[in-house]
Amino acid sequence: MESGSKGPGSLFNRNLVSIKQLDKGVIEEILAESERMLEIYKSNSRPNLLAGRIMASMFFEPSTRTRLSFESAMHRLGGSVIGFADPLSTSSAKGETLSDTVRIMSAYADILVIRHPTEGAITGALDSASVPLVNAGDGTGQHPTQALYDLFAIKKEKGRLTNLNVALVGDLKHGRAIHSLAYALAIFGNSLTLISPQSLKMPASMVADLERSYGIRIIQHDSLDQALNADAVYIPRMQKERFSDQKEYERVAAYYVIDKRFMAMAGSDTIILSPLPRTMEINPEVDTMKNAAYFRQAAYGVPVRMAVLKMILKGR
Amino acid sequence: MESGSKGPGSLFNRNLVSIKQLDKGVIEEILAESERMLEIYKSNSRPNLLAGRIMASMFFEPSTRTRLSFESAMHRLGGSVIGFADPLSTSSAKGETLSDTVRIMSAYADILVIRHPTEGAITGALDSASVPLVNAGDGTGQHPTQALYDLFAIKKEKGRLTNLNVALVGDLKHGRAIHSLAYALAIFGNSLTLISPQSLKMPASMVADLERSYGIRIIQHDSLDQALNADAVYIPRMQKERFSDQKEYERVAAYYVIDKRFMAMAGSDTIILSPLPRTMEINPEVDTMKNAAYFRQAAYGVPVRMAVLKMILKGR
Amino acid sequence: MESGSKGPGSLFNRNLVSIKQLDKGVIEEILAESERMLEIYKSNSRPNLLAGRIMASMFFEPSTRTRLSFESAMHRLGGSVIGFADPLSTSSAKGETLSDTVRIMSAYADILVIRHPTEGAITGALDSASVPLVNAGDGTGQHPTQALYDLFAIKKEKGRLTNLNVALVGDLKHGRAIHSLAYALAIFGNSLTLISPQSLKMPASMVADLERSYGIRIIQHDSLDQALNADAVYIPRMQKERFSDQKEYERVAAYYVIDKRFMAMAGSDTIILSPLPRTMEINPEVDTMKNAAYFRQAAYGVPVRMAVLKMILKGR
């Protein structure tokens, strides 16, 4: 098992741990495969590409959305699923290390999809896996398939993946989805507008790395008005548990809100994206507007994960 | 998606939310389909009628029996299942509304089967579903597939579904199963004998509605003796949590009990039914008697749910 | 359903409750079938031997490893799985007896795989099952498929199943896996070296029974050095909760440890086995040695369970 390897070629028999391991060519390959999977997804046909293959869905932290879209993807390709959704029902509760669990699960399944609350935990267990492994989110770390279907959604909604100005809004300090997406957008040479309160700015080292490595234009601001002319606004929920001061949370969460008023002032092509679930940062009054793209975006999670599973287990 | 619509025709591509949405013709159609499914169920053949289709099993409240019989039904028709059995592992724990969850799950599955602790919650989320939805119990509200297999069990056991006198025993105030079944029996013109303590009588408005809408004969009493001559006795467990006074619970639960003594006095054709699980209201000493129909009744849950899934996803 | 019956012939349509119910011939038949299943397992082919059959995975106590290897086995044979991993999401939480649950599940599935925290609970529910039932561990009682794949692992690693001296190390008083394996090894006429602290010795009645019934040679000792010349060392984790004195636990657990030092002194053919998960009783520094057989052993759980499911549902 080769892991974390950059380079041309497909995902066949490889781990998918971080969006950063993928170069532009591989991402384009995944997006093209996702287009083919989208056709299958829409047609309700079942090509049985992965018949007889078993995916282990290992969620050491609950995540209905990610877990069920992976499982839906596997079933749509004719595969089977085993797994757990709850850390309390696992051997870790008996003191087993993640490495040992991963080693054993490699004997039970053909591919492991792992969500873990601790950043780096999955990378640390890579060597123990004897089948390919997909990182489905590790704490504040990486969540590559999220970034991939965010990209796919932008491509489908905007018709292109380059020369865009994407506004990332809210908690840019901790957001796993935000960090992966920022890198993915940078790879394709897009501009980023980073909008957040001072206390939740994207880490300076990351901003510097994005500018240096990819030469993209980055603007930082604390006003939501800066998002009005963006091609796309990406706004994850503000997580209460990130704030030590409850009042500060309420103030900030009430300020960064997409509502009808925002939409009326925004460009006619400005679409709204979110990794969901949303709480108060997107007012439901926006849901029925054509530029509210977040539910369509969520649906793209299935074909993109079908593409990833298919490319890892079957190759091109 | 049309929902809650009465009228002739099948369930194809419709929601199943309440037994009240179904007229006599549709119920008869479902029972006839259930007969065909019962043949498949018994033969262990697998017609693959729903191959490639995905059912989302969304249980915001635990219910092994209902969940697993739906999942067994889906597998027997060749379909796949994704889902959750435990509200704590869902996005609702992150503050997501049921409407948002339903909207997203519509992108992952071809049909949603939902159990929710709150009456009316499922109806409130209907507009967000873009695939058909089956209510698998909403608090003290409706549980239509339970009523349907109760009816199917009565038909199989008694040979007919009309001109019967059915005794409903116990907590007639809160019982979800009881309320749905009462309506279903009324639609077919059967008489009801309602037996309960004063404090747990069926709501007067419901009794009046049943009499007025369907012209059926209803007798109310507090003595179990009134059930001795019924064609069928339907007795759900008394739920401790419905009583403010623990002593009152024990007194009532000890009184409404089907045991050998009751069976000896009852008519030779009086069958015993229960939605199960049972606690003390049916003495296990009765289990082996031929008129103890509740375990056969439970088994009918599978073919009836096969029929519902098949009719919604495939039509007639 | 015949249960607990000794005798020639296969497992077809029988319960598998205890290793003691199986005579030598049946065990050999299972191990031979496991060899065939191992070929299927390795080849990734899917013969669909159990297509359309449903296994109920009923875990009243969490056990990722056992549950997922059974589910992997069922999927590899083309079957489907329903079930629960968590007692809290079951009807038992509503006061249902195990007998009632088993009776109902018999209507939903073709075979029941049950793990229960209470010794004897599964045996007590046997009469209520109308489909075959596999005991997947009942408290400190039996766990026959564990013993079977332990045997299979020994046979694969050592090339034979007889004339071996197997050291069983650690808590020999409570260990379910140890007890079943001791009987299984005795049936094949192997010698046992029982190594444990005084307080955790194998019950004298069991030692006597093993010697009397099978005429095997048994040595008891408290020093790990006695294991150095064994053909195989079987060492489960020491369970903290078995000790009333925490200090005593730490002392004992620190003493019975397989590490590089032990391996350097042990015979060149001495393999190390464990039912896993391991905590501190096997030092990870041993993992990469060729005689560290415990991860290969864990993988054998899948083909052995494939064999058991296939033999019960399909026969030879």
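For the reader, a short list of remarks on this structure follows.
A, B and C are the chain letters, set down in written order, and residue numbers restart from 1 in every chain.
Note that a residue touches a chain if its C-beta (ideal position, glycine included) is under 8 Å from a C-beta of that chain, and two chains touch if they have at least 3 such contacts.
Quantities reported herein were computed from a predicted structural model and do not represent experimental measurements.
Taken over every residue number at the interface, the positions common to chain B and chain C amount to under half, indicating a different-residue contact. Chains compared, chain A against chain C: the Cα-based superposition rotates one onto the other by 120 degrees, nearest 5. Measuring from the averaged C-alpha position of chain B to that of chain C gives a distance of 40 Å. Among the residues of chain B, those in touch with two or more other chains are 86. Of all the residues in chain A, the ones that touch chain C in their complex are 51-54, 56, 80, 82-84, 86, 88-91, 93-96, 100-101, 103-105, 107-110. Put simply, chain C touches chain A in their complex at residues 44-46, 59, 62-65, 68-69, 71-72, 75-76, 81, 85-86, 237, 276-279, 295, 298-299, 301-302.
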